[in-house]
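Below: a set of structures, written as structure tokens.
Next come two complexes built around chain A: one with chain B, the other with chain C.
And now, the complex of A and B:
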């Protein structure tokens, strides 16, 4: 693989990212712009941006790597990532938008009227965000290492610096454009090599068939539930993974922040439908890399499977054509790290800014500071912690680590949101208890995995895919504790339900944090009798 | 409102006295559904409950179908091993189902959901906006 060409590709992505970010700076003016792009992003832009932000290193590199090693069971990863948006759509999309809150802790505070619940949520946002940023940095390090042979630190540092600059410069407004651009770049980078391989194959004469790895006796790896790659209890692992991904998506901090940028509840739903189409289109391609990789890069199965997407083009087309395609794929991979990391950093920075920094800065300077500067300092802090974590952790499977972030989200924010939106007898104590129990159980499992997982049998399966027990545990805790503490049901629950569920077209009292999209009354034409 | 009139027409006047009473009794129905909701009356609560219930029913239906479809696939492969390798369109069945077929199905499900959810909201808006 030609490092010069790939570096040029990566460089172009970085320049485009910063360029579009600077363009965003020129139109980002207010604090609301920084947080939620002033809630005025159309469904199509928003859907491209959501997909661009969502398709991370795990999707771009990790899924193909896992399928290459473990076969068809790993196809559930991309299905889970997609169906997660269907669950988000039917359970929380419109109500969440109608809640009118900026961030997840905002939602928790207005729904449960408790500063304690808010603080627990803030901690979880930072925790989940960090766990999710970690594999992004690893992916960046891996890509730069594969392309140039430079140590992984370099790639991670480059991504960290660019993300902080971009987020601090333009906030949410600018990353909306950046991420929308990055979705289409990622799709192109992943699809183009596959199409070119298919076209080349039709015209040429070759000894290895494209689908050879799926046929005959050598195809055992491709079977579902095969325990290929040394995974135990595949049926449990499949269900648990599916649960984590389907119900974890709605609890990811960067996904939630994106939904607040929709103009209203209906737009939030329509945006989600477009997202499902865009994701489905993207996920057709990673398995093809795995199928081809089995034939053309079999050595990667034993080690370095996460690089299969990067390696494949130059393995199939030695020479300039392969180099060009390799550069395109490397650029797409970098777009994946940058977009997801930017989204996560905005989400974490928003929480750090609101809950930690703003009040302290106010005390320190006596109110003599710009709110936007507080957000910029927060963005720097938000990236520092994951970068330090990256320095101390060793090699990680990209998609597996991301799977753990989903498991923590599914065991904490999923019960909070789902029950908070649909169950009016949920008490504040129940909410806090569920967050704590689910959070401790799932993060303990995640920590054990990162530090050193059990080597075999049920312990490994239960710790490796914890969602199947941690998520029901969290739901059960919320329900039982809420039943035991009926006097702690928030007084404003009825008003909250009105705010969450009534369409914007109905003029009702939505409580103190009301937000309506109705045009000012003087703009409505006078009615004639 | 009726004020004192001539004492000679006592009987018709008694009839008139009932007329303001009926209009007074009807007054609570004059406010729109939105005021019922704002004032959190029993009726407003019923309106909100019916909206939330019908949305929840729709949501649970979508989740139920999803669980049934997605949940049955691993079981199918587990219980009937030949399905793990049987070829469809030149590809093994699991790869066709999990790699390709599932995505259009999810998209169509989402489209159907959104249409139904918006219909519930439109009906609600018309209902509470009326009266």
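And now, the complex of A and C:
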């Protein structure tokens, strides 16, 4: 494919991202702007932004790559990503909004009245965020490498630098606009080549190849739960993956914070409906790339499957048309890396800022600093760790690595949220124990995968898709330990429950302070800069 | 909410009152009675689909027309049903939960501080 054209496309995305970010900077003034865009984002904008942020390298490149290699089972990735959103909506979104906590550590501290539980949560946010950022950087490296042949470091470094600049400059307000734009760019980039291929097919062009590809797809590869691509125990793996995706979404730091950018609960629900429609629309396309890839780029099955989306347009249409479409897809891929990385960086930076940096800065400077500057330093730190991790890890399957981040979230934050919201006998010790046991089990599995997984049989299946055993383990730990330590049930549980379960009134903007009888929690962040 | 509150604190009594009030219990019960079964049901539907795909190959690969199989329709149905469930939930929340919000809110805010 033409590298000049693709580089131009990537360049345009970067310029647009920074441009819209700078526009946001002009209206982003307070700490509240930085975190939650002052809760003033309309559902339609917000839904585009949420979808833009959610559709990462794993969705844009990874799902097509996995389907190409492993066949129809991998379609569960796209369904799981969508269902996870639904679980988040019905089980935790509304109570969490009412809690007035901005982040997962805030919620943990408010509900369990414990700085220790808060600190464990902060560590987990940074860990899950890093595990999620890692494949974004690998995706960026892969894209630049595919397009220009430059070493992967280049693409990863570009994404890291742009994201830090953009997040540090404008925070949440500016990335809301950036991400809304990026959703539509991603959808266009993925849909346009498919539509053009279909038009070409109908006009008789390439018809033989396409028919062959669709019939060739009826082989083992298209059978559900086949062992195509060398996966062991497909039924277990599929269930485990589904569990991770269904219950992990609610524990992803960048997803939750988005629910606060709606003005009220009703708007939050409206937003979710639009999000599900937008996600469903997007996920129609990656499997089509995989099916077409089976006949037009079969060599990628053996290696480089994650590049099938990038390679396909120029394989089907040699010449300028293919180059143009290839450039569009490369630009869309970059939009995916930038948007997800920005959202994650905001979420991780928020936690680093509040839990690590601000108190230290306060001590160092004697209080003579701007809260916004603390957030900016935190943004830089938030990207440094995943970038270093990127330098030491080899090639990863993008969607698989993201799946592991979901598994860790499902084994830690899911029990904390679901039981914390619905079970009033949960004790602080139980919460801490569940987070630690689930966190260690799932992260250990993730680490083994990133470093190099066992090669065959049950060990590979259990470590490759850990959620099916780590998540029940975490739930069980919370329940057993809570039963053993009834004296550690937080004293304010009754009050927390009222706060979490009293529905939000219509037409009332319920910021953390708006619910007049409740004193704002110590930990809510919108201290004015 | 990390600050501790003494037993004589008026706020604490208010919240305990709400917690014990039948309105609040009814609200929580209604929410749980709707949301938990619904969540269970849609999870079962997703998991059964996987089982069908594995053990009912013949059924799933029944051709409905052209290259379209039952399995393919069910697969697309997953997206459609996800969307349908969301719509049902949102309508329910708008109709049943929001009106009760007003009532309980007034109850809480109407309490003397």
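What we mean here is this: the second predicted complex is superposed on the first by the 495 of 529 C-alpha atoms of A that agree within 3 Å, B and C clash if a C-alpha of one lies under 4 Å from a C-alpha of the other, contacts with A are read in each partner's own complex, and residues count from 1 in each chain.
We take it that contacts are C-beta pairs under 8 Å (C-beta built on N, C-alpha and C of every residue); 3 or more make two chains touch, one makes a residue touch a chain.
Keep in mind that this is a model prediction, so the values were computed, not measured.
Visitor: Superposed on chain A, are chain B and chain C clashing or fitting side by side?
Guide: clash
Visitor: If we overlay the two complexes on their shared chain A, which of chain B and chain C does A:373 touch? Say first, second, both or neither.
Guide: neither
Visitor: Looking at the overlay, what does A:188 touch: chain B (first), chain C (second), both, or neither?
Guide: Neither partner.
Visitor: So in the superposed three-chain picture, is A:86 touching just chain B, just chain C, both, or none of them (first/second/both/neither)?
Guide: In the superposed model, A:86 contacts both chain B and chain C.
Visitor: Under the stated touch criterion, which partner chain does A:3 make contact with: chain B (first), chain C (second), both, or neither?
Guide: After superposing on A, A:3 lies clear of both chain B and chain C.
Visitor: Figure out whether A:295 sits in contact with chain B (first) or chain C (second), or with both, or with neither.
Guide: Neither partner.
Visitor: Using the touch definition from the top, say if A:492 reaches chain B (first), chain C (second), both or neither.
Guide: In the superposed model, A:492 contacts chain C only, not chain B.
Visitor: Would you tell me the residues on chain A in contact with chain B in one complex that are also in contact with chain C in the other?
Guide: Correct list for chain A: 75-76, 79, 82-83, 86-87, 89-91, 94, 214, 223-225, 235, 238-239, 242, 246, 266, 269-270, 272-273, 276-277, 280, 283, 422, 494-495, 497-498, 501-503, 505-506, 508.
Visitor: Contact residues on chain B for chain A in the complex?
Guide: Interface residues on chain B, with respect to chain A: 34, 37-38, 40, 45, 48, 51-52, 55-56, 58-59, 62-63, 66, 70-71, 74, 77-78, 84-85, 90-92, 94-95, 98-100, 102-104, 106-107, 109-111, 113-114, 117-118, 121-122, 124-125, 128-129.
Visitor: Touching chain A in the complex: which residues of chain C?
Guide: 1-5, 11-12, 14-16, 18-19, 24, 27-28, 31-32, 35, 38-39, 42-43, 46-47, 50, 53-54, 57, 60, 67, 71, 75, 78-79, 82-83, 85-87, 89-90, 93-94, 97-98, 100-102, 104-105, 108-109, 111, 113
Visitor: Along chain A, where are the residues that touch chain B in the complex?
Guide: 72, 75-76, 79, 82-83, 85-87, 89-91, 94, 211, 214, 219, 222-226, 235, 238-239, 242, 246, 266, 269-270, 272-273, 276-277, 279-281, 283-284, 287, 422, 494-495, 497-498, 501-503, 505-509
Visitor: Using the touch definition up top, name the residues of chain A that touch chain C in the complex.
Guide: Listed in rising order, the residues are 75-76, 79, 82-83, 86-87, 89-91, 94, 109-111, 113, 115, 214, 223-225, 234-235, 238-239, 242, 246, 265-266, 269-270, 272-273, 276-277, 280, 283, 422, 491-492, 494-499, 501-506, 508, 516-517, 519, 521-523.
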